[in-house]
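Here is the structure we will look at, set down as structure tokens.
Lettered A, B, C, D, E and F in written order, each chain numbered from 1.
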Amino acid sequence: MEPPDSNKKTFTHVRDGQPSMVDITPKSSGRRIAVAEARVDLGAEILAGLANNDLRGPKGPVFQTAIIAGTMAVKKTSELIPFCHPLALEGCDFRIVPEGTGVRIRCEVSTTGKTGVEMEAMTGASVAALTVYDMCKAMNKAIRIHDLRLISKTGGKSGDYHADPS
Amino acid sequence: MEPPDSNKKTFTHVRDGQPSMVDITPKSSGRRIAVAEARVDLGAEILAGLANNDLRGPKGPVFQTAIIAGTMAVKKTSELIPFCHPLALEGCDFRIVPEGTGVRIRCEVSTTGKTGVEMEAMTGASVAALTVYDMCKAMNKAIRIHDLRLISKTGGKSGDYHADPS
Amino acid sequence: MEPPDSNKKTFTHVRDGQPSMVDITPKSSGRRIAVAEARVDLGAEILAGLANNDLRGPKGPVFQTAIIAGTMAVKKTSELIPFCHPLALEGCDFRIVPEGTGVRIRCEVSTTGKTGVEMEAMTGASVAALTVYDMCKAMNKAIRIHDLRLISKTGGKSGDYHADPS
Amino acid sequence: MEPPDSNKKTFTHVRDGQPSMVDITPKSSGRRIAVAEARVDLGAEILAGLANNDLRGPKGPVFQTAIIAGTMAVKKTSELIPFCHPLALEGCDFRIVPEGTGVRIRCEVSTTGKTGVEMEAMTGASVAALTVYDMCKAMNKAIRIHDLRLISKTGGKSGDYHADPS
Amino acid sequence: MEPPDSNKKTFTHVRDGQPSMVDITPKSSGRRIAVAEARVDLGAEILAGLANNDLRGPKGPVFQTAIIAGTMAVKKTSELIPFCHPLALEGCDFRIVPEGTGVRIRCEVSTTGKTGVEMEAMTGASVAALTVYDMCKAMNKAIRIHDLRLISKTGGKSGDYHADPS
Amino acid sequence: MEPPDSNKKTFTHVRDGQPSMVDITPKSSGRRIAVAEARVDLGAEILAGLANNDLRGPKGPVFQTAIIAGTMAVKKTSELIPFCHPLALEGCDFRIVPEGTGVRIRCEVSTTGKTGVEMEAMTGASVAALTVYDMCKAMNKAIRIHDLRLISKTGGKSGDYHADPS
């Protein structure tokens, strides 16, 4: 039987027809980790430019700018998403790897607190992907960001989550 | 012959191996419009909840919160994307419509200035999509944001762009 | 006899003639709640427009935009008020109800920490009221915001406070 | 006869039941000035402390902190009010004077642009008033902010506005 | 022999050739204090203007604006320095004193948490110095900020630090 | 005879004993460029680590993070310095070069507008220097930032400025 306090099957941010922040007062504090990913389909030409291992090539600046923008966006999540709680962040790690005709961006965020860091990981992956887009858009306006999704979430009462592989 | 000042086939934000802002001083000011879209695949259950036309249903709060978050994010674009220029914004319009098992979010941004508003439209669509995710994630953690891309761009020396329909 | 560490009767933010942040190191952490209210006198014409219960009427967008702006402002309080401490927020709840020829906005904020959330509640009520003003000002520039005040404050060493009813 | 594009009698920020930014593209650029005021009722005891002309008294820090916070808030207006346009600010002037059992705060903002600065002046007066509250609240929690309103507005197609004296 | 977990002799923010946030999860929470200083060489003429003890002289506004700007910058440190962790701040104290042909600015920051407040103190001293520069630059563009450095740091596993006197 | 409107010999941000923003309404718009520099004395050991040209060495991440943080800080100048006007930025260029036992950071900012970009260049150089400090501080807490100053300023009525070489 599903417990009555389950938050799984309702619009938790809507109350009496109005948008609303969830009250996390009764939650217990604990270690929480979330991982999100995004893919950016850049096309073969840009990818070739990025894969070049020349010291003066663009891969360093493009990837590093994306990592820094993503990290700073993780810290801004509660400013961007109206009903996210501000929280202390303990770790934030980005990995960007070439894949197919684009790159895959992975953002892992961790904290110790009363609420999870799903939105922080999703926001970080999203802004890192937008930054890759920005730095490559002069070469190809058809770049597409896709498969932005939660990969895993651990910690917290609602249970761990691991996405199906794809 | 391609003109020497074309910005089409280089990493415009990389100079001498370092990331760098493009100098827009020589550009001429003009009317510029960009449209971006994102899709959020919510699954049938959530979509049914949102499609409900009951006055007290969640559709109003979810869509309106996404529009407001997206509009505020458009204004924050140059804070999020390291080499975006701050600019005056004249118009910002969102449309969110159900489509398939999710929603399609369209963000149109306009300005009069020396640089385009592609990144503003992309950032707006992205944050509106993240906000829809946030307000629905308690019901389904497998929500996926995809097809975030530029739909059109008009104004500016580099010519207009219209994405292939998909 | 009043204890020497009482903070009740001095300008706590002024030291040696200079403005100064209060050091909250010695305070103990605890549950703290504050409620603030503001009234916005809109005039009968606007109120009639808002009271209309039509699904397509402006009440939904006006109230929801005010709630969202107020919630985001609560999170920005320490950026706006120079000597406010940044803090983790656990709950933030808005109620907007018609009253007389205007609306009454109530903002309740809660946290667990070393300092209270009075300024957060006051800032939230204030920005929600300004947002109502913004969305109605084309119809009446004589809108007035008044009676912005603390309604109650609980938790913390200085004792609970409950405003006189008015 | 009133022109059909008049923005005087509608909820300009609501379109098709959704909140929306006004498109200022067709507006013409010009000099625009707005003045707003707020009153803060502090009570006689605090006012006596502030009226003291001693060099080391609290009046300097309290008033100056309010002016600085108000000025910085004017610059943040488009971050706080969801559908305000970001704009270049040319002047921002505060006056704080004792009046009755409190202070009257006057904020004047000017720009050259396509949209007015009403919300900037209102936001500046509001945050200056909140800062006075913050710096005095340890002495009196019953402080009340009232009569926050637009005093005048000049420039722009919709005509000048001057509030009735009160 | 140096312990393997020492963070003293490596670029802690670089991993596998990419910039990276340090994961503070394993650190223990504790009381941490940092003090930083900066000097601003203003020249004799400006200093004479600031030293004037006249009630209407510029010293009050210049010093108080610098203190307020510095305090607000301390709270913004994690927004400015890409790999700084956001943290709760408990105390922040500024002292500005004339010295030689300029002023010495001292910023002390304290918190209880998992990571130190060195960067907060350094950022606060820096922005207070920039504000003094801004308010005096019309009189002398050759103003120089120098000797911005950490004075002391206490708390945390890596041990206390006290700068050599200079 | 000095013209009465000269802004050279007064505290332009102080009026009637209160801090105050300068009204730039009467200024004419024009092309304005400012260059500022800072030096960071890192010590020989860290400099050796940064000078290493190995692809996986720390020089890339340290310099690139500083450039990105500096660029983002230039855009935040009017949020940090209380009486700076918000302005549109057209170009922002950083150069970081080893010099002596540290690095020299040069920040050039350009705009077309009514007010100069001195504070933007100074703030950019300052935050880039703080970021270098942050990324190296685990190896040496005695790092010192010095010689932060304006190198040149062109455009605007008050005339060009070029610092004495040093």
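Note that a contact is a pair of C-beta atoms (placed from the backbone, for glycine too) under 8 Å apart; a residue touches a chain by one contact, two chains touch by 3 or more.
Note that the structure is a prediction, hence the values are computed from the model and not measured.
Chemist: Any idea how many Å lie between the Cα centroids of chain C and chain D?
Modeler: 17
Chemist: Could you tell me the distance, in whole angstrom, between the mean C-alpha positions of chain B and chain F?
Modeler: Spacing between the chain centres: roughly 32 Å.
Chemist: Could you tell me which residues belong to chain F and also touch two or more other chains?
Modeler: In chain F, residues 17-20, 55, 60-61, 64-65, 68-69, 72, 76, 79, 82-83, 86, 88 touch at least two other chains, as defined above.
Chemist: Make each chain a node and each touching pair an edge, then name the shape: line, ring, star, complete, other.
Modeler: other
Chemist: Which two-chain combinations touch?
Modeler: Chain pairs that touch: A-B, A-C, A-E, A-F, B-C, B-D, B-F, C-D, C-E, D-E, D-F, E-F.
Chemist: Can you check the complex and tell me which residues of chain D touch chain E?
Modeler: 53, 55, 60-61, 64-65, 68-69, 72
Chemist: State the interface residues of chain F toward chain D in the complex, per the touch definition above.
Modeler: Against chain D, the touching part of chain F is residues 17-25, 78-79, 82-83, 85-88, 113-114.
Chemist: Where on chain A does chain E make contact in their complex?
Modeler: Touching chain E from chain A are residues 31, 60, 63-64, 67-68, 71-72, 75-76, 86, 88-94, 110, 112.
Chemist: Which of the residues in chain A end up touching chain B in this complex?
Modeler: 7-14, 16-20, 38, 49, 55-58, 60-62, 64-65, 68-69, 72-73, 76, 79-84, 118-119, 122-123, 126-127, 129-131, 133-139, 141-150, 153, 158, 161, 163-164
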